[in-house]
Amino acid sequence: MTAQARPAGWAAWIALPVLVAVWMLLSHLLDSSLLPSPAAVLQTLVEQASSGQLWHHLGVTLYRVILSFVLAMVLGVALGFCMGRWATVNAVLDPVLVLMLNLPALVTIILLYVWMGLVEPAAILAVVINKVPNVAVTVREGARSLDRKLEQMATVYRFGWPQRLWDLWLPQLFPYLMASARGGLALIWKIVLVVELLGRSDGIGFQLHMAFQVFDVSAILAYSLAFIMVVQLIELLVLQPLERRAHRWRHPEVTHA
Amino acid sequence: MTAQARPAGWAAWIALPVLVAVWMLLSHLLDSSLLPSPAAVLQTLVEQASSGQLWHHLGVTLYRVILSFVLAMVLGVALGFCMGRWATVNAVLDPVLVLMLNLPALVTIILLYVWMGLVEPAAILAVVINKVPNVAVTVREGARSLDRKLEQMATVYRFGWPQRLWDLWLPQLFPYLMASARGGLALIWKIVLVVELLGRSDGIGFQLHMAFQVFDVSAILAYSLAFIMVVQLIELLVLQPLERRAHRWRHPEVTHA
Amino acid sequence: MLELSFDGRGFRQPVLGAIHLRIERGDRVCLLGPSGVGKTTLLNILAGLDPVVLPSAFTQGSDLRVGYLFQEPRLLPWRTLYQNLVLVGAKREEAARLLSQVGLTGYGNHYPDQLSLGMARRAALARCLAVAPDLLLLDEPFASLDAERAGELQALITGLLDQNPAMAMVCVTHDEADAASLAAQRWWLEGAPARLRVEGGGESAGRRSTAAGPDSQNAGPLWAEARGGEGA
Amino acid sequence: MLELSFDGRGFRQPVLGAIHLRIERGDRVCLLGPSGVGKTTLLNILAGLDPVVLPSAFTQGSDLRVGYLFQEPRLLPWRTLYQNLVLVGAKREEAARLLSQVGLTGYGNHYPDQLSLGMARRAALARCLAVAPDLLLLDEPFASLDAERAGELQALITGLLDQNPAMAMVCVTHDEADAASLAAQRWWLEGAPARLRVEGGGESAGRRSTAAGPDSQNAGPLWAEARGGEGA
Amino acid sequence: EGLPTLSLSVLQYGTAHWELAHVQRRGLDRDQGFLLELRPVANLPASRLALTGASVDGAVADLLWVQSRYESDAHLVFVPFSTRIGELVVAPDSDIVGFGDLVGKRIGVAGGPDSKGWILMQRVAADQGIDLAASNQIQYGAPPLLSEALKRGRLDAVVTYWHFAARLQAEGAGRSVMPLASLLAELSLEQNLPVLGYVFRADWSAEHRDLLARFASAIRQAKAELAADPAAWDGVRALMRAPDDRVYQALRNGFIAGTPGPLDDRRIASLRQLLALTGADRERIMPPSLFYREGP
């Protein structure tokens, strides 16, 4: 029923090749510049990479994504945790959270650009403001679901703050943190795109916009894929190992001989 | 420590008035058309409402938001659940999920509009495609954290599918569903804005961007707030009562005399 | 009615050795053994829950209706006691009757977290009886209960078994007295990997404690059969 | 060393009535009563965990070092047994020693989910002893254990209490024999709302079972005191 | 009632909407025997998307974009709309009077690096030995944000669309250094080249020559009426979003000043040369047949 056994190694290599094949076929059938073939996109990618353009813009975007990701996660987790844990804090802040959550990125970005000028801090701040409520909403649910019996145990055994944080709360919040990290990375990168589009002169968002001006779909896809590959790398090298480590206690018996 | 007692009724009425007061003060100090006073925004709101404009655009946007929300939740929950439950499904689909998750909304929207034309289904589909991976990522974490002991119990007592769904899984997934519903509504509305911006001739996104072209901040805020008020209503009338109902079992003893 | 043959391979740590056992209708077995030897593991296998033991290990009986009292209550915390019982197929009145039989009159609308552990275990016992099982698996049914309450429940179970001669039971207990009054058969689990030793006999627990009903092979619902017998 | 005065108000359903009790250093108390009467509730109050009982109800002793064996193991499932013990302040060698004393030699690197319930409860007992408590609260320490293992643990606890005459203990049990061998005092909880009846005395359980050490009022770590006495 | 329709996507507050609205209000389209159907969109990309996705017959676009579409094999027919390229605007009290003063200054560019005005400016500056892009701090951004930045002294000069420039000037927040169209002279091209136009898919216009001609004459008539009669603007004023009369005047005059003359061989040649100068592939410049001419 619940086949939680470790999946075979080949499993990860099915979907993408299939996708690429479908894409190939479609682009062959349509034969339009609006759906370039994988080969064409790859070529654009290689061109941009060897001209150094790609690295420059990718670097700038990554820098913005990572900086705002870290800021947003820290603030969002703190906020969400407090709101989930203390009903009064939640009651006070909830209307603001709903407000911030649903304030269009466009609005924050415009207002910040106008007030602070078209500067880097405005860009970063706009992204952070857009992302924090999302993290908070997810983590709040986690904080609400914390196990009260373990909490009592921790009180009796006088767990200090670091122990509560690290040994009691973190493992329970872990799935929520993973969900917001994954969703968050994606969201932040999308907001960074808008930010770059409206008021920055570099970064992938800027390039995408340029490509969009002339409907250069192949460049659009190339730049998007470049970033997605980076995220896929983060997924494989950071998130999944982290997840395996953190889930070790869950199904320790399944690796039977 | 964990003050999970019901918060006082006044708690919800602190933050917003404070926020409005700060806004008033700021707009008074800055005295710029770029930060109109609350009164000015309210006036715009009233004007737009009485001219019927607001209702028309709000209605159209709401329709799009709700339709795509329902579609995206259904698909996303199904996908996320399967991926969380069966490691092999996850291994196969994970690369695609990462791809979809990080594909910029702009790309999907442009491609769909170009292929399908500027029609309503293209708009809805674009939003759904953008949102499904987010829901899936969150629900997957929930499905991974399902209690195996209760699962065994359900197997022994031969729970049927509806019972498993409704009585076993739904309550466990509930916090994840709430997190993705809240974050999801916000995200969808933001994507709908972009969708409307790029290819529709009505809706709040269309209005917002038109206001942006002429830098009518007061209209931008008025339209944003109109939608946020709707979400706040949904929050108060649907989500929070639902939450209270679903959480009833959690702390049944706290209402002491 | 149930026959299992399992060579003990598959466990990461060898919990159980090779096991061959047979349970007939009407068998009343007490399973004894030190803490951590594998009693719960064996019950899980009998209930068909162990992923290591393939269904093919069951020569018979993998489709029995099982009532399993787990070692922990395993009630659905988000459902009231009534709802928990109704979920496994009990009628509302039946649920109320069962709850009062285990001493929980008036607690039907409580959530499991509002109960003491002993009360939750009794509610779980009520659920286990609600399914009209062919095979009753009880993992320490009287733990966390005072002597008086334990005696009542023991009488309840004995009464039920006597009413339904075709119902089989395997009950884990650490109490010699319980074992003596509940069951005719004793199985001992000992050693690591654990071996099953049947008190006074070979590997199979084939002798029944109470002579009863026709030995029809898995035919028809045993509970209904027994009910019919009761009315006659 | 601990004195509690609580008028029973605040519970949604009146679980406990008014309660006045005093525990002195070295007191050994067995708490008895039917399932669901409020034994666990009382232990929670003594451990300072009940939100209904204000700290002001404690005339003394709200800052005692408590070792509480909960009715369920309550180990952190994502930490190994070693880690669980180290978290409450035990040294690694001490953790290993305690685990072997409760019969879990070699299980230090296991996660709680890899244990049987009886084993997990023993691990929880080890944790409870690891904190060198002033007040030991045990909620059915021998449930889910075979007689032999239960005897061993009982000897372990008795030995520990004898070594530390200033340590107080309140132990919930349903077993008369356990009660007889572990404790001098007996508290009965009865009725709804439950009242505390002290066997052979008034409302206070003030008499100590073993004459020991000076009756210093909450002064200094009791455990250390006892250690010193042991060495002398 | 059987009239053929011609659908156009148009920016709600774009300048083309002014004359198109006039056409509709006066019924010039019916007079010409067709129905004009407008599809308002919120911004330029949306308009381009509408055309590319064939949701409308035509849209307003600039010549460079039409050329870039041509290079990727999407052929569009170009019907002149306006000669306005954009303006270089500085703060009212700025001492910038020409290219030479721009060196080392903070410049905002509306639209991005491929904005045609900016490309022309760089081109002309390069002829004078000035590398604008290298010696300046360039900030690309949305035009309203740039206007704001100029007002707040965060930029020294902006290269922006003419109607944003007109607003800035009318509000007293900016001073136009030069209309960028004047740069055409520096490059020895014809003056008043129409760089903005209504564009239609070539295959569509091949099938609808007649409709296109009717559309062109309706537009011509609208322009003439708007130029001749200030009262004709009353119906358009709501679309102009002019806060006061000064801005209104400035916008009106700016619009009329941008009226292009009809295309002939020389002007088409000039336009193609302009494309070449702005970096288009010389081998693949739009053929003259894609430029719409009046008459038979």
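Here are some notes:
As written, the chains take the letters A, B, C, D and E, and residue 1 is the first residue of each chain.
The rule we apply is simple: a contact is a pair of C-beta atoms (placed from the backbone, for glycine too) under 8 Å apart; a residue touches a chain by one contact, two chains touch by 3 or more.
Just so it is clear, the model here is predicted, and its values are computed rather than measured.
Here the chain-to-chain distance from subunit B to subunit E, counted in touching steps, is 1. Distance between Cα centroids is largest for the pairing of subunit D with E. When each chain is reduced to the average of its Cα atoms, E sits farthest from subunit C. Over half of the residue numbers at the subunit C-subunit D interface are used by both copies of the sequence.
In this assembly, the C-alpha centroid of subunit B lies 49 Å from the C-alpha centroid of subunit D.
Rounded to whole angstrom units, the spacing between the C-alpha centres of subunit D and subunit E is 85.
Centres computed as Cα averages put subunit C at a distance of 32 Å from subunit D. Counting partner chains per residue, subunit A has residues 34, 110, 114, 155, 212, 215, 253 touching two or more of them.
For subunit C, residues touching at least two other chains, in rising order: 72.
Shown for subunit E are the residues that touch two or more other chains, namely 45, 52, 142, 148. Remark: subunit A residues 1-8, 11-12, 14-16, 19, 34-35, 85-88, 90-96, 98-99, 101-107, 110-111, 114-115, 133-134, 137-138, 140-142, 144-145, 148, 151, 155, 175-176, 178-179, 182-183, 185-187, 189-190, 193, 208, 212, 215, 217, 220-221, 224, 227-228, 231-232, 235, 247, 251 touch subunit B in the complex. Note for the complex: subunit B touches subunit E at residues 34, 110, 113-119, 196-199, 201, 205-206, 208-210, 212-216.
Every residue of subunit C that touches subunit B in the complex is listed here, in rising order: 44, 47-49, 65-66, 68, 70, 72, 74, 76-79, 83, 87-89, 111, 113-114, 127, 131. Contacts from subunit D toward subunit C in the complex involve residues 32-36, 38-40, 71-72, 103, 115-119, 122, 140, 143-150, 174, 176. Put simply, subunit E touches subunit B in their complex at residues 11-13, 39-43, 45-46, 49-50, 52-55, 142, 144, 147-148, 241.
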